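Below, chain A partners chain B and then partners chain C, in two separate complexes.
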Partner chain A sequence: MSSWIDYTVNGIIIGNIYALLAVGLALIFGVSRLINFAHGSVYVVGAYAGFLAVTHLGTPLPVTIALVVVVGALLGLVIERFGLRPLQGYAHIAPLLATIGISFVLDQLVQLFFTPDPRALPSSLLETRFQIGSGTIGALDLVIAAIGLASAGLLYTFLRYTRLGWAVRATAQDRDAAQQMGVDVDAVNRTVFAIASGLGAVSGLLVGMYYNYIDPAMSFQATLKGVVAQVVGGVGNVPGAIAGSLLLGLVESYGIALFGTSYRNLFAFVLLVAVLVWRPNGLFASKRQTPPEPMTGTFIAPSRPIQIPGKVLLAAAAVAALVPLVLPHPYVLQTLTNSWLYALLGLSLTLIAGTVGLVSLGHAALLAIGGYSSALLALNFGVPVGIAILSAGLIAALLGTVLVFPSFRLRGHYLSIATLAIGEIVSLVILNWEWLTRGPIGVSGIPSLSLFGIELDTDRSVYWFTLVLVIVLAALQLRLLGSHLGRVLRAVRDDDVAARSYGIRLDRYKALAFAFGSFAAGVSGGVTSHIYSYINHETFNAQLSILALTIVILGGMGNVTGAIVGSVLLVGLPEVFRVAAEYRVLIYGLVLLLLVRFRPQGLLGTV
Partner chain B sequence: MTELLSLENINTFYGPVQVHFDLSLTVGRGHIVCLLGGNASGKSTTMKIILGLVKPQSGIVRFDGQPATGLPTPQIVRRGVGSVPEARRLFGDMSVRENLLMGAFVRKDQKAIAEDLDRVLGLFPKLAERLAQRAGTLSGGEQQMVAMARALMGRPKLICMDEPTMGLSPLWVDRVLDLIAAINKEGVTVFMVEQNASLALEIAHHAYVLQTGRIVLQGPASQLRADPRIRDAYLGGQEAA
Partner chain C sequence: MPVLHRRSLLAAASALVLTRAVQAEPAKGEPVLLGVSGPLTGPNAQYGAQWKQGFDLALDEINGSGGIKGRPLAYIFEDTQSDPRQSVAVAQKFVADPKIVAELGDFASPASMAASPIYQRGKLVQFGFTNSHPDFTKGGDYMWSNSVSQADEQPLSAAYAVKRLGLKKIAVLHLNTDWGRTSKDLFDKAAKEMGAEVVATEGYLPDEKDFRSTLVRVRGAKPDGLMLISYYSDAALIARQVRQAGIKLPIVAASSVYSPKFIELGGDAVEGVFTASRYFPDDPRPQVRDFVGKFKAKYSKEPDAFNAYAYDTMTLMAAVMREYGADRKAIHDGLAKIKDVPSVIFGKTTFDTKTRRVDGAMNVELVVKDGKFQLNESHAAVR
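Right after this comes the complex of A and B.
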């Protein structure tokens, strides 16, 4: 049995590792107002660079660290070059989306080179442990603590006593004013990305040595942990990020001691949402000030949507309906069915992110809620599948809206982060709520699709069923957009200050749109569960959320037809060309990155 | 008189909206030149053009005999343009001392910078007592002093000031205007944007009146002071303020 001292030591060490990540995120946010979602990828690359150095070159620890810093810094420069610099003057969410794209690409490249399998990252340090009181502290713990302290000291010296450090601080406080003092803010950005990424890479190396374990999937969790720590400490606040990291490390370590490992991340994300909603300046902000918020503005590139005549739409629907008769190939039908399911998700997100401007990064959670609801209703209570799916839509609408409601007051980046965290929370609750969800085992034996007692057991019938769902929901959504309500929703998006001054109750309208959108996502999740017959907490993962967003941006934010087209292109096409699964995520990442940069209005234009 | 700065036929757009229409003006070496105009007439944008923060769609900016159109801001600052931005824009979390030294960011001559710090503090004795204080905690008038002192620390040939008297009490307004005149006496050319015409014209040599992006009136300050059109042109009821 470990003692409390052990848990404390462990918490502080993990806190140090988080601090190396969070400080970088805070620096980057400080000078560029960007939450860098590629930061976790730098951490993974750092871990793997260390792995290569240790296992292939046999480098001693100091050399390994130096190498990892250099690799990280170079990667940081690349991220700045492609994720931030070309997007100046774009909506502020654009660089955030670009860094998500970059992180997909980087993570996938790491996976392609090193396989997704975990590796051991042996630390060359002796397994010596020193007794302190009733606990122990290891040599590696001391090294990590020393690196944490040394980095903090170096950073402090840099910011306080060097010219460039002054430039960084001045830029963080007022970018325009700094420029007017002659500061080259682009150079400042580059410096900060290099430093932040150097530190982030070392963090990855240390974590790998600490657990003697690395795998490419660490990336996303690392980004999230860094974001949590820096939000808790106050966005853009460097000392706050360190304090937030240590706090997070301790909370997690004690949490594990009290409740077990699988709850660990739950604490982190609940903490994140709570701080975002109730203390948006972070826990340590002394005075009531509004949080830095230049990142308002939605990702709606002004454009005239391409008008598709009703006749063409009808014809397209008719062609789609005829596919099973003309091309009764199971593979084609399954692929297109899959596209229709994603189209439902796209419809949902294009309404929420496009029409109302709430860029949700946790949309897969709605699928998960829908999927589990429908599966469990049918399985545990014998509810007919058709009714179970309908209920799943309603449950997703209700639960989704209730969960996100407190975050409606947040704007821009902050809302996106909150939805991301809520998505993770939902997935972790599913993992831990075993008596209901069967936890990690997942739900199997889900009854297959049927309607009014008729089994939809052919590929053809499933195809038609999902197609009809898409057409009905798309038609409803088009009517909604054309109505007075639709105009109000767009007004909320375009200028919520103005909309508020007309007396529009923003939260209610956001909730209404969110509920409508969640219904479609819940239905999609429900149908999916009956088609798969097995789901678990990872079926609807965060990657899916980002895929959904890419679909929606590809089609054109807010564009109903675009969501369907985007889904066929992104989900259907790679399938038709039988692109190997490893390359798909790479493609999604690249598409997202290129769209944000070159065609933010999407293929069919924003509405 | 030689000219230090000139704008020729500047046309500026924010997206589809045109803010300047063939704007031309010149600032003579050693002068205080004032740009007057009502809200949203494009005054601050003129300053941003000079500083390279906004690029004009057409037109030429010349500074100190060299074309300066489209140069990045840091280069323009290096050439000798200092700025006192609208609403002062201090680095609020940095100390007064650090703010002043940020003003000398483009300079490398440490010894001369230290001397200039003393010289500037001589001009703004109030600030000497506040060197260690966080700039964000100063009063509005004190912040204005820091902003002006900060601009001086770069040893500029030209200082651009955007509404330096905005939001100050009458006492502080007088103080600030006196200081601008004093700075000018030391040989620094001043280009000043103001809404408060009667006050600005007391210290200015020359003035331009901007109305929705066009210069509608210009001349020596002595002449404009007496010109009834100054009131009619744009001041309207604002004169009271």
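Right after this comes the complex of A and C.
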């Protein structure tokens, strides 16, 4: 029995840490309607700033905290001014991508300056520990809790009782109306970014001290947990974010207690999906609230797509088909083959996110389902590879649609977060479902690609095979977009109320589009598994989902040709930047930022 | 012209890496090139950085003593972030580049094993020196590895824990990756054969930082000792939280924690942790003295396990090429023939031609004492 007290205390302690992250994310979301993917990077910068202060200047804790707050706030101002302000007035999707680019750049800068080695971040003052239950808590735990509560209290006072705070709340409720009433919306944004980033940086410092451990790669996990916590509490709701964080910590801790450590995150993400489906505004939102987002037509930028005549497309396809004859270099062919595989993923997501407006952040899960289905069918049941890949597409279509179906009632960011969670759940199920998936050992010895008994064992044949898949599915998708069905799907995206009042059953059309898209992703995953010969739960990871979304946004949402172009660029660019060695990812991030800055509607425009 | 463009990029890339990899050496002429596929950016970047240190140290020696039959040895390090999508592209690049005579890496199994079919088809040796996945060398006769076999190491860990330290009820915490899982299964088996019982098993993800609740669960199983199948960073995190939770049980950790970082990150909490290593600075073996001394002189820090793997690998490849010739086929055939190459990890490296792996890693049993790894003399002597 006493161990339950321990689990509870541990849950609260870890929730306490999540709270520091979630509050910053909630603030930014509240005002800018933006999931700030750079928040984890600010957290890393804060940790390293604190590391410098402690180890080189020998500052005492209060001074260190003050320094880190200043560094974080300044960084927040820079991010807001140069990364996000120029994107104002564009659809929300552009700043989302910008924060992803910023996080690449920041993480990589930290890594270049401090090396990727983990560092110790000692906190000599705070070694005192108190006995609670059969465990102990340290003075640092109390400091973290105190800072969490104090910052929440200060924020509450600020938002309630100061003029700037009112302005922040007014902007959060209705940006345009606030502006018309004379609120300086830019100033509000600046303030919010400074406060949130200051908090984020301090949380990096405190968490680093807590574990005596910092490394540049810890940002993604921090963002992920912070996002989950704030959504559970209700996006944009600061006290809710704190409560959500504590709840998340408790659920993780009890999950470990009941099922073991490797189920920890599974519980966190199942909780998230359950909360989203059950109470989309978060657990702690009041029942009557203005809709979380003014939805119609704002999430995805309307723009005029670049019209490419059919002849040009045909010519491009012909050129692509001739590449292996003109330029038979295996490295080029492999890079392009990878591009075609990602183009399939891009086609899938551009249909689901662009045409129907379901912006999925968990698309790698479909690759994983496809990859595992095809690999296991071929290995365990001796299914011919061609049929296994086809089945993989069908299984991904079915399973993907079933998994996401409950989330179809969600909109905008809520759906994105639900799909993010579903993606993580699929990966964790693969890790833990050992008799089927072989768990962390992974599936090896997957038969290589073959079709009707003919081995596709040259680089050329694999290239042509994947290219044909892309062309066929792209042609099908273009046909779909041009049909009555395509218009219906766009109607669902642009104005779901209007669409519904015309008698369109939203769920059914969304499911139809999702199934079609998932098929392409499943095929891509299946082909990939046969090319790699070995996959495990890390092969199709969350970073891949982000890449998929980047491909789609870069090409232009819903734009079939754009998805293919985006994929060639995003798979190709990191290869081109190879000469830059360690600076490669940095340059990639910067290019991404510039592209978003100057072409926020995507290279070829939204369809 | 795309062809010219690509070539010039390649040339620029090699020039860039070469200037860093090769410093003033007596060996002259066209360098003999090895391709390295590994992480320089991304979450595993720290391991790629450690590889480089080990490689560069070995190259100083090799090229200082005549290189490969008068030609300098060098490597091209291509960053893959240990991501299979990039490792397959890099594999094609290396296979197509006739100057590359063998490939080293990648780091993690998904990246390494995805590239194996390409190396096998291209008949270029893929030398996966950190790939302990049991199926890695089954990818084909061009897949070789001198990574310490867990089938070798885990019985030694079990013997340390059970026979020397007298643990009877062990709780195992392991990284839930292919390496951690394989190791755990082998450890369990060996410990049971020696008469101990594994009372709790907890697998955790590589990016996990909080182990409090895991430890409550572990404590509930009433073990008399903990076994950590971890890398140094997570082992340090666990050890700290073990001590903070007031658990005073002995901790045994896999040899992969042997790194100065383990002590830096763990602080007082890792005091008394038992571990093992393939080598030890005070080892009387000349190659160890040599390696540790030169490493400290060059980088002013103690080498760790990954430094040693990289150093050993570069030395081994040089030995193979010096004896059997510096082309792809010669290296493939030479690996099977070469005998007794002096090695930090194995003492002497000779491959088992059936498994294409090396058996019989050296083993010294250590304990952390006064903030340093020291021989565990209170229990018995070095084996």
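As a working rule, the second predicted complex is superposed on the first by the 500 of 607 C-alpha atoms of A that agree within 3 Å, B and C clash if a C-alpha of one lies under 4 Å from a C-alpha of the other, contacts with A are read in each partner's own complex, and residues count from 1 in each chain.
Here is the rule we use: contacts are C-beta pairs under 8 Å (C-beta built on N, C-alpha and C of every residue); 3 or more make two chains touch, one makes a residue touch a chain.
Everything numeric here is computed off the predicted structure, so don't read it as measured data.
J.: Chain A residues in contact: does chain B have more, or chain C?
T.: If we count touched residues of chain A for both partners, the winner is C.
J.: Go through the superposed model and pick first if A:Y90 touches only chain B, second if only chain C, both, or neither.
T.: neither
J.: Just chain B (first), just chain C (second), both, or neither: which does A:R169 touch?
T.: In the superposed model, A:R169 contacts chain B only, not chain C.
J.: For A:T539, decide between first (touching chain B), second (touching chain C), both and neither.
T.: Only chain C; A:T539 stays clear of chain B.
J.: Classify the contacts of A:L431 with the two partner chains as first (chain B alone), second (chain C alone), both, or neither.
T.: second
J.: Show which residues of chain B lie in contact with chain A when the two form their complex.
T.: Residues of chain B touching chain A: 51, 53, 72-74, 77-78, 83, 85, 89-94, 98, 101-103, 105-106, 150, 154.
J.: Flag every residue of chain C that touches chain A in the complex, lowest number first.
T.: That would be residues 2-3, 6, 9, 12-13, 16-17, 40-43, 45-46, 48-49, 77-79, 81, 84-86, 88-89, 91-93, 95-96, 108-110, 113-114, 116-118, 121-122, 133, 135, 138-139, 173, 176-178, 180-182, 202-205, 207-214, 216-217, 219-220, 233, 236-237, 240, 244-246, 261, 264-267 of chain C.
J.: For chain A, which residues count as touching chain B in their complex?
T.: Residues 163, 166-167, 169-170, 173-174, 176-184 of chain A touch chain B in their complex.
J.: Which of the residues in chain A end up touching chain C in this complex?
T.: 3, 6-7, 10-11, 13-14, 17, 108, 111, 115-120, 122, 129, 131, 134-136, 138, 207, 211-213, 215-218, 221, 252-253, 256-257, 260-262, 264-265, 327, 329-335, 338, 431, 439-442, 444-445, 448, 457, 459, 531-536, 538-539, 571, 574-576, 578-579, 581-582, 584-585
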